[in-house]
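Note that chain A is present in both complexes that follow, paired respectively with chain B and with chain C.
So, the complex of A and B:
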């Protein structure tokens, strides 16, 4: 029984942490804090709990707590938008492919497989590199455009991942007799998909969606470390990137954002797993 | 209720072929059937005889990519074989409806009974939510479900098999179809429940003036519940007669064999059940002669080489070179 209690505690911690991070992301701008890039000249690269800086500062004099709060907004926002958008497009395509079968299915599945054959990060990197630069490389690219390209690139990465899951889940239902029964009642394909397939596919998509949020947070951080993530060095990944050079004498500069990043991703994965386990149990019942 | 002489469904030379990896699979061969208005017709045959494919072909539910369908299907005077998918769809639910073998899989497990029964009413008949709910309750009452309003709120898994099949029937008759296909409606049910469901179907058919096609592998099921019986074997009609005539005077050895393979309560114990030896012929490489010849006790060389035509005498037809009781 201890095992079960442990699992319950882990579950509660996961939800609490995600709630906490999302709350940080949402209310961050209204907290009575200085801007994240305020430079504290009097406290360069000080450790946590020193001089009124709860999580310390980096060698530029940026407060890490402010950075983490600000970074939460960017990292979570980018991940949620990319997964939401990619999940929507991907599952729409996947479910449609599963319902239509035949040639439509072959074409959509092939496109998914082609995209999937390119490693996630390389694909995102290539897309960002191509679309977020001007032909004249000395021209600066506006920040909003870089953020937009970043989100869209990650969306494209997510589309086939969730699309394939949606197709597989939908396939399990399109062959069921109640779909045939609905067809014999003269229902339109659109209605059948909405009323019979989507509600059954949804739980699986939500479970994988959580896992995908984790993947995208990591992907965004990786892109930031490579220098093509959220511009102006504000996301968690960018904080890690900046702290890289100081890791010898100020390891907390890397470890603080890394801790937030890692715990958040572990929690999204754990919540995804919990939902999937529930789903399997539910599936076994029906 | 007026019973006109014009058949509700007229099938002529219907052929259905599936493309398979091994070559074309001829599932339904040159089937011509009339379903008279207001009557109940039984289609009997073992698994793989093409009876289900026939019903799916009529309703246009076969996968379009891998299926070739020729022949004509005329429903209530409209030729469905040339109709577009959209035109065909307008006849489904309101003109033709179908109930299925396993009411567990034919009902969506995650949606409440009420929503599923009301669906056809709302989408096909354009009823508003409240009207559809009341009508759904009426339909459940019609299929003799006790406490219909309570049942509307339940999920399929909260109902017994018989109740689920009743819900399925309520869904099928929701839009007052003229023709109801019942594809093995009692196979997944307890024997006692089977009789109740068959009786219910018969009563509904008479009360609502529907025609019904009862598809089954069980001659016992069609005996008391149909006006006419069509026996199918390997995709072909092999015998057809009024139910009383068929049971009194079977012409096809296959029909007879089907009947003798039904165990009865008063059979002596300890004896092996009579079975039809062998299997259906390979539907991809069919034998030249009679499809049943391999398994038939009366088969001659002629049976194995020449395909027997459908012989009609009065309103009794059979496809056999050596019919029981002589030609």
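So, the complex of A and C:
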């Protein structure tokens, strides 16, 4: 029993943390804080809990708490949009492939496999590097274009991941009796997909979707560390990559955003796992 | 033709289609650049020099001719050049020293991961449901989600900066001395292995739990063998197949993590080359790196899948619907 209670507490912690981070991301701009890039030149690279800076500052004089709050917005925004868009396109293709079978299926599956043949981070960095290039190194690409390219690249990475899951899940349902019954009664393919297949595939997609959010958050941070992320240092990844230069004398600058990133990703994985476990139980009862 | 040969040929055919399509897409990368490649690679050169470069990299050809010549070069081991203001360097010579280092790093990571995961997985499978198992499972579940660069940076802070036990940057070859080599590799390898440890322990635990229910385990116990002996002699081997298949398949997945970890630790391997190519906007080199990783990844997965099917026929149809 103790085990069950422990698990319930862990569940609550995960949901609360994700809620907290999303809340930071949503209401961040309305909080009565200074801008994240306000320079506090009286407090350079001070540690956490010192003089009005709860999480300390970096050597530019940027407050890390403000950075984390602001970074939550960009990191979560990028992750949610990329997973939402990629999940939508991917699952549409995957379900369509599973329903249509035959040649359509093999073409779509091959396209997924081609995209999956490049490890996801490598694919993302190739796309970002190529599409966010300017002639002159010193002439930086505008932030909005970087963010757009980043989101679209990560979307392309997500499409086959969720697409394959959707296809596999849909395949298990397209052969079921109620789908056959609907077909013989002359129901339109579009309606069958919407009323009989999509609702059944959805839970699996949501579970993997949470995992995918974690993947995208990590990918965004990795790209920043490799120097092709969002350049002006607003996301968690960018904070980590800047903090790396100060690791010798102010390690908290890199540890603070790392902590937020790691806990968030652990929680998205945990929540994805919880949903999947419920799903297994539900399917077992059928 | 017997069904086995036909299946292997089918798989090979599929893999070939994927490789051709992927390399075609990758070869188009430099074509899709929103700017003039020659100007990016040679920012200070004259128009005439850029024209020579364009001819060299085939920027004037139509996409299909370009792909075919690019592929022909690629297959022969000509991976293009890295361009400097003062000249150029062949990507191939760099790869010759970088690839073995990355493979070594991944090998170390795998060895560490297996060395930790096997005892942990055996133990937590043996004590399934008890406290030790619960502690191991929960802790590792959290670790499985933590990205390798986070582990790496934390290690740098604690072991490299605070304790000053290990160097935080660079690579030393084995020929420079065993300890020097190992001391530069421990932290990158550890960062890569933590996530693997979590995955492997989980897999082995599940299989051990299943194997422990087999009749021959009861048989061995009734013969009076000690639990240790039963675990290692009778349970480990049948339980380890999923583990080793997954370990092999993870080699490909490690590549992504290795790039960031190599960038963090400045281990001069393939990942670091990718990083420097990104920094220096060396798109010709980048193109080759991505293509090499993709081809390696596809072929490797194919071989592992076939090998696993060969060792254990039960897994042969496992991935049909995947």
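The definition used in the following text is that the second predicted complex is superposed on the first by the 279 of 286 C-alpha atoms of A that agree within 3 Å, B and C clash if a C-alpha of one lies under 4 Å from a C-alpha of the other, contacts with A are read in each partner's own complex, and residues count from 1 in each chain.
Heads up, the rule we're going with is that a contact is a pair of C-beta atoms (placed from the backbone, for glycine too) under 8 Å apart; a residue touches a chain by one contact, two chains touch by 3 or more.
The shown structure was predicted, so the numbers you read here are calculated from the model rather than taken from an experiment.
In the three-chain model built by superposing on chain A, chain B and chain C fit together without any clash.
Residue contacts after overlaying the shared chain place A:95 against neither chain B nor chain C. Comparing chain C and chain B on the residues of chain A they touch gives the larger count to C. Residue contacts after overlaying the shared chain place A:240 against chain C, while chain B stays out of touching range.
Look at A:131: by the touch rule set out above, it reaches chain C but stays clear of chain B. In the superposed pair of complexes, A:25 makes contact with neither chain B nor chain C.
In the superposed model, chain B and chain C sit 90 degrees apart as seen from the Cα centre of chain A, a figure rounded to the nearest 10. By the touch criterion defined above, A:103 lies against chain B but remains apart from chain C after alignment on the C-alpha atoms of chain A.
Annotation: superposed on chain A, chain B and chain C show a minimal Cα-Cα gap of 10 Å.
Shared interface residues of chain A (contacting chain B in one complex, chain C in the other): none. For chain C in complex with chain A, the touching residues are 14, 17-19, 21-22, 25-26, 29-30, 32-36, 39-40, 43, 134, 138, 141-142, 144-147, 149-150, 153-154, 156-157, 161-162, 168, 252-253, 255-257, 259-260, 263-264, 274-275, 278-279, 281, 283, 286, 290, 293-294, 297-298, 321-322.
Listing the residues of chain B that touch chain A in their complex gives 59, 61, 63-65, 89-94, 96-98, 100, 102, 105-111, 116, 119-120, 123-124, 157, 168, 171-172, 174-175, 181. On the side of chain A, the complex with chain B involves touching residues 101-103, 176-178, 180-188, 191, 195-196, 199-200, 285-286. Chain A makes touch with chain C in their complex at residues 3, 10, 110-111, 113-114, 117-123, 125-126, 129-131, 133-137, 164, 168, 171, 214, 218, 221-222, 225-228, 240, 244, 247-248, 251, 254-255, 258, 261-262, 265-266, 268-270, 273.
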